[in-house]
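I'd like to ask some things about the structure below.
As written, the chain order gives the labels A, B, C and D, with residue 1 at the start of each chain.
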Amino acid sequence: MQVSETVEITGHLMDSGVLARVLDDVLDYGGDYTIERLDVGKTHEDESHARIIVLIDSDEDLQRLLMRLQTHGVNQVDPGAAVTKPAPTDGVFPEDFYSTTNLETVVRLGGQWVPVEHPEMDCGLRVVNGRVHTVPVSDVKEGDQIVCGAGGVKVVLPPREHKALGDGFEFMSSIASSEKPQALLVRQIAERMREVKIDGGRILWVAGPAVVHTGASMPMAALVEHGWVDVLFSGNALATHDIESALFGTSLGVDLAHGAGVEHGHEHHIRAINAIRAAGSIRAAVDDGVLKSGVMHAMVTAGRPFVLVGSVRDDGPLPDVYTDVIEGQRAMRAQLPGVGFAIMVATMLHSIATGNILPASVPLVAVDINPATVTKLADRGSAQAMGIVTDIGLFLEQLALELVPGYHRD
Amino acid sequence: MQVSETVEITGHLMDSGVLARVLDDVLDYGGDYTIERLDVGKTHEDESHARIIVLIDSDEDLQRLLMRLQTHGVNQVDPGAAVTKPAPTDGVFPEDFYSTTNLETVVRLGGQWVPVEHPEMDCGLRVVNGRVHTVPVSDVKEGDQIVCGAGGVKVVLPPREHKALGDGFEFMSSIASSEKPQALLVRQIAERMREVKIDGGRILWVAGPAVVHTGASMPMAALVEHGWVDVLFSGNALATHDIESALFGTSLGVDLAHGAGVEHGHEHHIRAINAIRAAGSIRAAVDDGVLKSGVMHAMVTAGRPFVLVGSVRDDGPLPDVYTDVIEGQRAMRAQLPGVGFAIMVATMLHSIATGNILPASVPLVAVDINPATVTKLADRGSAQAMGIVTDIGLFLEQLALELVPGYHRD
Amino acid sequence: MQVSETVEITGHLMDSGVLARVLDDVLDYGGDYTIERLDVGKTHEDESHARIIVLIDSDEDLQRLLMRLQTHGVNQVDPGAAVTKPAPTDGVFPEDFYSTTNLETVVRLGGQWVPVEHPEMDCGLRVVNGRVHTVPVSDVKEGDQIVCGAGGVKVVLPPREHKALGDGFEFMSSIASSEKPQALLVRQIAERMREVKIDGGRILWVAGPAVVHTGASMPMAALVEHGWVDVLFSGNALATHDIESALFGTSLGVDLAHGAGVEHGHEHHIRAINAIRAAGSIRAAVDDGVLKSGVMHAMVTAGRPFVLVGSVRDDGPLPDVYTDVIEGQRAMRAQLPGVGFAIMVATMLHSIATGNILPASVPLVAVDINPATVTKLADRGSAQAMGIVTDIGLFLEQLALELVPGYHRD
Amino acid sequence: MQVSETVEITGHLMDSGVLARVLDDVLDYGGDYTIERLDVGKTHEDESHARIIVLIDSDEDLQRLLMRLQTHGVNQVDPGAAVTKPAPTDGVFPEDFYSTTNLETVVRLGGQWVPVEHPEMDCGLRVVNGRVHTVPVSDVKEGDQIVCGAGGVKVVLPPREHKALGDGFEFMSSIASSEKPQALLVRQIAERMREVKIDGGRILWVAGPAVVHTGASMPMAALVEHGWVDVLFSGNALATHDIESALFGTSLGVDLAHGAGVEHGHEHHIRAINAIRAAGSIRAAVDDGVLKSGVMHAMVTAGRPFVLVGSVRDDGPLPDVYTDVIEGQRAMRAQLPGVGFAIMVATMLHSIATGNILPASVPLVAVDINPATVTKLADRGSAQAMGIVTDIGLFLEQLALELVPGYHRD
């Protein structure tokens, strides 16, 4: 009564532990497996290849398991052709829709393997005129042709190119990463940023209000001015505290000793918001001479785009903030083309949101003083994620010392 | 050139430490003070009364300082009458608007002290037909009469009524709270909840997805069924994981050992969202027999309202989720009347959002395994906040044992 | 110029990820490998077997790498016979001594495989009259015959016997552990404790002062009285706060909201210590009627042994406390025979100390509200370690409810 | 039936919140109070003076309460003369012994106020030939004359001399401390260290193994070489990992992402210990050319003393380690004279131990990435404690940049 399927995976299966995770997932989903064949890479440089028969109770379960295994780069040996069905109504996928990974993906349509445009996890695949792109459930329209089941879909693991990050630069998945001296890590990240710029890539920052609270506005603004921040994703809080600090010369009351910013209800922040609302926008406030310094001022002056997306705890918010979170996600997606490196500092909410929409091919560094945040980010999706548990204030200070000629804190 | 004002405060100034905080704030704002008079409560039962002259550089700074001091219950001795000015445009307050506290407040209008309706922090005060209510900056309309400056406004500290919570029940502000046995604290919270219900009050819960992850869906649903949850504030995550668990019999992959829920991208959650979107709403999914168990099922069946407000990291979201966070705040505000007790478990984002709109007069208990979350909540505004650092799963289990007759986990 | 050795490992290599860790370690130590042969367990039930050639620069490096790999259960295919050398002086091993794991180990001596008595990690192997036992460096005597190099030594991985812990009981190494409801975990631990007692095993507890601070003295004492605590390892702090609470009716000032016990210098604890010093010992204080309740009183009354080992931060200490930590370790080792289960609550120092001397064959549960402590313990050595991040007060309360007939908190 | 006593306190009672804490303690100890008189400092510069009558049930309780209040600087208006009694036996105080604070203290003997030598908390006061010094309970001898009860003892609060630390330098007790930029804090600590050296004071460091794990051995060694470390307190772990790193070129496997060093049982550390044991001592290993770099090498070469005190979790230990913790405490005490500044990095155990024996007059900075550690240290005793939550690696790197001419990490 059980159904089965033969799947395969190629890569550095032994030293990455991915095969163990694949087999764990088969069992987790209630299935079982037989390892049909395993060609082991004899040396560290060789790739291995595994062929596994998975068994499970129903075809529905099988389809889900196959999608799950694709997050590890496991494909069906004989994937057949993709099946599409029309979306039953706006905002709803067909029941058995294919749920995407963030890996490079190809779909078998009309005898051809068609690459998926803009890989993003937890989306559907929409087929239009023989092309395939990801679509979030909120954006699907009635009648859209959506790929269903796991048939006809293959994913490709990113190559293991640690070298690109320089010797000694290791990823989160390798336990070695944290044995490195923090000062060395900063230098390696700076090196990586230079390489990305030389290759014409854009650098995406995702930042939280602790950038202001830890006194790192100055190095952050210097990094913006010298071209190291191509686009910024954040929320109402970073921009508000940054602007409050610029307008009122105060930093919000924050108690780092308790491990978290404690906001004391100073009315300055709501007054700062009101001032920008009166100006009409952050850009207008810069143009009017109301806003004269800080991170947001630097972004406007440098002509770099930013996307601020609101949350339910926001006061105000600033006029530039997307209050509709789904529209905010769309605005963030629109900024992703060309991004070659992402750096996330001191924010869990916006970092996870960004991790949700980033393809796995973009290297990602998450920096936070809270180990839980770093672990959560580095575990989400991207095979190229590195986490660093350190102090944001000192981290940005040292990064500015590396990247900004003549940088010196007065 | 300095301006000054005489202010006063009455209460248990000595044993609460409030006077120290008042004087700290005067210095923090760049001012100085002279204690003109201090009548000390001779015994523990007596209130003290202080009269303080504050000096500061400009009238603008003075107004801000006076507003700041009102968060501690400090009023001007001679507040005069309130001044109102029209809002210059939609969504913008006059520049020198009075920024509210969450304390009970009265405004001097036309020779009378008028109470402010629905106290909420970080709002403006709108005067309509001789009545005064709080208005958030996003809701103000051009021409609305808004109170400006600190003149003509007085606040009232909530009475110190520890007794109401039973012997041994202590508030966060008192360091004694945490010396209490956890098991005793649960019993005292249960007792308090019974009292609130007897008094006709409603009990507000704010909950995060860890309720599902720690296996506490069952006690939480039991509490709902027996009438201990009158209204629930949450986000897309709690509802999605609860529904995913009900539909697929799986709990999302969560690694508590790392101190945080780590989501592993199981596609089940996006499939669960799609199923509810197909049904049209959570209620419709219950009515159609699609959703048959869990916390959200219990809320619908018990006919209790819930407000789900989205965030930028959401997948989907569920059709019941407010994607516009400002509309979500409005929906939350609409549920506050009658609330006599608030309990916040395992969520920072929605708990802070709720703390932002709750009047200080509503007692509030924040429960989380992360001390930073508890500290952040208990420090925000409410004079009646208590924080408990404990395990959500065991906490809800024990609360159900106290409040639900015959409750037993199978 | 490189030297090489062929090693092998048998077990559930695929789904446990151990092979990946083995290969990582080869690279970490500067070596390289060729996988000569890999017989994969075709199904979940079958064991796999791997044969790997490791290459490295020098014989000295090779010996170290081979010892390292033994911590994963990897043995040489042809280990040869053990070599022993005399210890050069008291308290010093020969330079190339074999450094032990905590796994079951056998040594090839005179053509026979001799089992090592009392496996313990980071020790040497002393051969006396054809028998082999572990010896810590502090206890070795000049001239003792000590096994040197990795030759002639094999280790045996404990069998994967999850079943013994009951259905649903999962180990730390499996990420599934934390998806379980906390209330269910408590029940499973109780079940395991019953099984251990039925099998004639002793239950070892390692506990910190938070047992007292969280109000869990009562359930802990009840567990002692009903025979669930056969031996207790702790320090001066637990015993002092327990006795202080019994003598003065106070609990030490502790601020759990800040995530850690904050001691406020109440002089009660030093006075309690003085009272016991005056009596001569904890037992004498019980006999004299000075100490009448609490955990230590229960231990004495039940006739169960305890080992208290001091630390540099201790006041006093109590007369029962070993002030010499090496003597303290010896006293702890002397209590290990017969221990079939170890439970560690709310202490990092003494839990790590115990983990250092426990053989890998003893199942171990570490319970703490701090995820870092739990991770650190569960990662140290024992293949049978499980970590639970939860509240100590509620955990012990629920465990007493499970194990102590008629237990009810008044 | 109640007994009462009139006490007084002088200082900046209002803005420090100390009066609130005094009154809280009276109630905590089961007493009650009447504020007889309160002369308020009219301005920020003026001191206040309070006179309070405390009431409590028995004289025994009164004596304890009076001792407790002395930790806040509260003295009896009429303390009378001190009473001494002989210690009943070695290592035991008379039952009603006076338990010390770490404040400057004077004792009324024979009509004169005699200053206490070497203030230290939780000790007794021994009178010998008209002089008074602190004695820990472990060192008292039978027949020693020990001060009993609170009579005849007065304490003196340290003056509030924030200025000495430079503008902007704030103490832990002030919430303002954490609003400062981290980079600025490092500079201020460096400034303070220069001042202490100019005044002829010694700088005491207390450090944990994370100094090595975070790659900060190089800046720490540079600070030693340039005279910024006069004495070092630590345990077996820092020295062992430092030496292991010097001997084997490896850093111990540490997983910072999990918020704590996770030791993976590399045998290198036990081999490093054995090598030093073979040499006889760390100094001998330096002299023999075995140990050529690292922090301990720098200490030996610079001729600076260090005190290493063991703990129950130690392997080995190194021959320099005190295995008897009480003897270790004595060795630490012997190094305190002349210490003018204490800096504690990345260790809770040894930092608390040091805090226990330091007089309140020595300024103390505690640095750790874990907020709980910093809070615990800063809350213990010293009125001059400042806590900084930051990354040890980057902190020491920046401190070396400030203090070591030409310091540059290669």
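By our rule, contacts are C-beta pairs under 8 Å (C-beta built on N, C-alpha and C of every residue); 3 or more make two chains touch, one makes a residue touch a chain.
This one's a predicted model, so the numbers in the text were calculated from it and none came from an experiment.
Engineer: Please identify the chain with the largest separation between its CA centroid and the CA centroid of chain A.
Structural biologist: D
Engineer: For the chain pairs B-D and A-B, which is connected through the larger number of C-beta pairs in contact?
Structural biologist: It is A-B, judged by the count of C-beta pairs in contact.
Engineer: Find the geometric centre of each of chain B and chain C from their Cα atoms only, then give the gap between the two centres in Å, rounded to an integer.
Structural biologist: Roughly 44 Å, centre to centre.
Engineer: Mind checking the centre-to-centre distance between chain B and chain D? Centres are C-alpha means, answer in whole Å.
Structural biologist: Computed value for the inter-centroid distance: 39 Å.
Engineer: Any idea how many Å lie between the Cα centroids of chain A and chain B?
Structural biologist: Here the centre of chain B sits 31 Å away from the centre of chain A.
Engineer: By residue number and range, which residues of chain B touch two or more other chains?
Structural biologist: 28, 175, 253, 255, 258-259, 371-372, 375
Engineer: Quick check: in the complex, which residue numbers of chain D touch chain A?
Structural biologist: 172, 175, 177-184, 186, 213-216, 218, 251-259, 369, 371-372, 374-375, 378, 387, 389-391, 393-395, 397-398, 409
Engineer: Going by the contact rule set out above, which residues of chain C touch chain A in the complex?
Structural biologist: The contact residues of chain C facing chain A are 14-17, 19-21, 23-24, 27-28, 32-36, 38, 40-44, 174-176, 258-259, 371-372.
Engineer: So in the complex, the part of chain D that touches chain C is made up of which residues?
Structural biologist: 28, 64, 67-68, 71, 88-89, 91-93, 95, 97, 99, 101, 121-122, 136-138, 235, 253, 255, 258-271, 273-275, 277-278, 309-317, 319, 323-329, 332, 349-350, 352-353, 356, 370-373, 375-376, 379-381
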